[in-house]
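Please find the structures below.
Okay, so chain A shows up in both of these, paired with chain B first and chain C after.
Entry: the complex of A and B
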């Protein structure tokens, strides 16, 4: 009995999505190293991590939100809004600490608006956050207009390009690691975290079992707003530029990372470990393509293909069987037309 | 899901009870008239402040700009009512626009119908690929079309390779398509209106169209009821892609300068129009006419803000705000309808 159980446990571990992702990541590293000798150099790995920091950070609250059965498409617009406000307040000589406080507040309010519209008015989050996607980007445009602010002082300006002292890890990645640990603990080791899965798998069952669905979802949106505002600061300092269209269209990249991580778009499934692996896989892939002189603009082809493979590979067997059945009896009896 | 209840009201017409059919008709009529009322009030208020808004030039401008938008709204409606979503239409439009309009430069003297057929073919191929993956692969359409959004745009970028189609290479007959018209109303707008009318009639009155609603309100029940869900969904995606392909050609005729960014991010605007038009984002209810009016409303809003002299920098924020307002309003209307429907049906039932 015992060896059988162990074997089964091994099998189920091997069949986990995260295992597949780890294999994919390994493959990317091997192929990247084979394609370019520069791939595994410290400076390149630093580059690889630093350019994907913001998407990585925003993917964490997105994961929690999608697991709970909602979605937030306004993340990139909150990033842009935060970046625009940072630039504007700096240009009228506010002290940086006061600006940070305002930006945290801005993110919280932006998330609260999303959360209240979704939970209190019962509107679908997909529709609401498409609306706030336009609204927040519009506010960014109102704040900064066509201006570009880029005279940020040295200690801030370099945060995007230097490593945490005594390491080779960029600041944004360090922040990502801290946030990933926090979200991982919350999601996988607390009652609230477990309740997110319940909400995503069956909203009504969650409600009837006494989970405060509305409150928790509102909090999730607020957290997402604050984190995206923070990502806006990092983005601004990394590029040393505040401009209203910072991060335009990034929301789909964030969603793509979360989906590659094995989080079900219908909620109720997914893990933070998967997100960490997916972030690294995407970053590695983008970097490898950069080193091999692949047309930079067209890397979307590879990302899209990876996303498709990732959803088709786990149930390839079932798919094959279905195709076989389709071939066998080409056309089932067709009901008579009216 | 939240959408199921109004959906049940929308599909209840089939079992032939004439009372419930009349009720269904009324629900449909009320749902669309809500959006139309918003549109009329909005136009009236804007025109009373700035009469220039109703000048034939401006009306023509709004109509021309709505044609491609409303056509895509029809495409998206077909997919959304079946509880799916097509995020790839912006990319398909971009690819079709460049390749088809590029033919004028590469093949001198090519006829315009061939160009349209090329766009249609590109759209068909992309839509069929989406449809195959969603129906046979049984993968959520949001994931599949997010992937094809990237892939098709990537192909577009590789094909374009830094070039662009410029207006000088396009024949007059082609660029006049969106402009030719009768008394301020472009012929194209009339044709598109007819197409949307036909699409709406198909969705509402044909068996296969009704089945899309059934699939959208409850896929499992639809399957058990003997509807070939896979085939219907495949068709919806294929048609959606084909429409996006044709829309790409029209886009080229209208804007005339096409690079690899044409239509980027358009998918979210189209979904916004569809939702504003009263199509439930989780399927099962809403009409193509509503979606087209939604597109017209959004286009009118942005044009009105221009005419009213609102600083251009504010327009996007206000448009976003109005979008949220429209979603909220639609929700309020459908909740009110639902309660009145419940009261009535319980009265009829007992």
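Entry: the complex of A and C
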């Protein structure tokens, strides 16, 4: 093996996005601890984890969807719809287990609608899920109206306060860890996972390889719907409040985490390990900004910048090359003519 | 008619490689005003690459280009236009929602005060251009729905409006009817009389003799003949084009066809292909010949389940296939090596190993998980069998040469042990050595009892590999020959619709 090839491999390993993320995470922890003595306390870390649980959970199916070359922007609206239905059904005295069953079904149907519109009608998922983002939020409003339901009983409404027994880990994070392991195995070790990368990197080649692109994408949207509906339950119990605008705008945080994780917005690239790191980095950054009394109006700027950098950096090479080509074409050429 | 003046355009010893493939090794060309110059050669001889150099799409690696005796570089299509070179492609790329006149003046519309477009002047000038060309085409028509012949005329008018003095026509007649060809030739004569230098590329030699005065023949990326057409015969040109003979399959290599593997009955996709019935037996190579656009690839896509079809049936080994399901076709033992290996055959971002295994992952699993050791062994095994040249199996497949990429696609399908292998242009754009290997591989597979349906635009390939040769024209099967009775002339006649002059 030529030495320059070896060097290139070593460099590419060092330049792996996940490595950079780990460094970023470390940096955030160090700076956070330096900026605020509270940062590394158990209660703050618990708080940090619990407040990002739902986003973290929703980021997992989003990762699979973006790697497959699609996107689901309706995630937060499904969360809101699930929250509203939970509140409504509880208010008319349904048993909690029956409500859970209905919510799973609700998430599945919401995801199926997205999936069928994308795969059977061939519509772009960006447009479809912007549509269902509005639609599902509208349904949430219809279900609950302006009401607020908050009389959930004790074993449920403490979910945002208590940890998994014998640990300091909040329930939502524990669920995230379990789902992350499942997603990681599916994505990195199964034929289905390989198919996701293939269809994201080259939809046509995936089709010509006999990969059931439409079926797999439909299933992904359904899974996303169910997981987001579940996230709606966690959100509702954590805030002990069901209201139609629960999780409003949260889809942007989910997409931001996934992109920060190094998942390519163009599909075909990314890892679950990256998502775990990005979840922690994102939560840490938000928490540190809060603790240091960072100007609240300006946090949007920080998150927006992080998002843009994460879209730009993984594709920097390709974008740079494109820019170079553009410049070359724009160079005025006046060949000799008499 | 031979002008004594210096050539308008001369290309000398141009070369261009794509990775390991030398597309043009020594391309030379001299075009004179008032002359129609033919450029002929087999597919893959380097004609298109040469044209793309003139169009400013490819930069030559070596050689020089002179326009009016002065050296010129063409780094972009805009530079080619500025140098007075216009290229009319087989399928023009007009803006479909704009009018003919708007297309002609795209980017340089005549303006009124206030930077408003002077539509009236634009239309009048367009009409004048069509008047010069002697064709009645309405400049106010929207381009969508125009026939290809009319679109070409719009492109020619555009070229005239830019004062192009060199007009390159890349297989303009391939998709035209006889009447449209006659009209195009009238226009070409008009251009010639007006002093333009026309480069005319065609596979149809009778057209070359009808319209051209000079000819340049290319073979394997080199100019092998450049001369006045007067005094030459079609046979002279064919001999120059082919030059070398492909090794003929010996009688021993031709196996007795076995059981019926593929049976296609009256397969129809409206507006694309009609009433296609064909059969391929085990151990048989059936070549599907025809012009580009005759519907061959579309039939293959329908058989493999990429596209739906409106009527007819596809059966493999006696089992009827479900429509529009590649996975069903694969389960029945069909493999498909598509024509566009970069888009369809391979995931360019994935490694060699992952691409080889992509269609066989189901067989490489234990408890649902893909075993990477098994995947690696599988890929290494096939890489060795096909003599693949690679650095590491984990390298991106995009690093390989075209020929080796094609081997990866072949390995991907051979790894499934297909009963029927459909190969679409299996040797397009790959180097000559690998080409021979691919041919040998296909013959070996047939000997092992694989049924092979090969789509190819290269007649020597069709003639030397195929046991039977089917010819398609405009979505229909027009002829079938055994390898003994087939000839280039017969196939071309069936492909271009001149079967009538052909003795059976």
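Following the convention adopted for this analysis, the second predicted complex is superposed on the first by the 294 of 338 C-alpha atoms of A that agree within 3 Å, B and C clash if a C-alpha of one lies under 4 Å from a C-alpha of the other, contacts with A are read in each partner's own complex, and residues count from 1 in each chain.
FYI, a residue touches a chain if its C-beta (ideal position, glycine included) is under 8 Å from a C-beta of that chain, and two chains touch if they have at least 3 such contacts.
Just so it is clear, the structure is predicted and the values come from calculations on it, not from any experiment.
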Chain B versus chain C as contact partner of A:190, first or second or both or neither: second
Touching partner for A:124 - first (chain B), second (chain C), both, neither: first
Which of chain B and chain C A:313 touches, first, second, both or neither: neither
Residue contacts with chain A in the superposition, chain B compared against chain C: B
First, second, both or neither for A:139, with chain B first and chain C second: first
Which of chain B and chain C A:298 touches, first, second, both or neither: first
Which superposed partner A:23 touches (first chain B, second chain C, both, neither): neither
Chain A residues contacted in one complex by chain B, in the other by chain C: 335, 337-338
Residues on chain A engaged by chain B in the complex (per definition of touch): 73, 117, 121-124, 126-128, 130-139, 141-142, 145, 248-249, 252, 255-256, 259, 264-266, 295, 297-305, 307-308, 311-312, 315, 319, 322-323, 326, 332, 335, 337-338
Of chain A, residues touching chain C in the complex: 1, 5, 185, 189-191, 194-195, 197-198, 201-202, 204-212, 268-269, 328-329, 331, 333-338
Residues on chain C engaged by chain A in the complex (per definition of touch): 67-68, 70-76, 78-79, 82-84, 304, 306, 326-327, 329-330, 336, 338, 343-350, 354, 358-359, 361-362, 365, 368-370, 391, 412
Partner chain A, residues of chain B touching it in the complex: 2-3, 87, 133, 136-140, 142-144, 146-151, 153-155, 157-158, 207, 226, 228, 260, 264-265, 268, 271-272, 275, 281-282, 313-321, 323-324, 327-328, 331
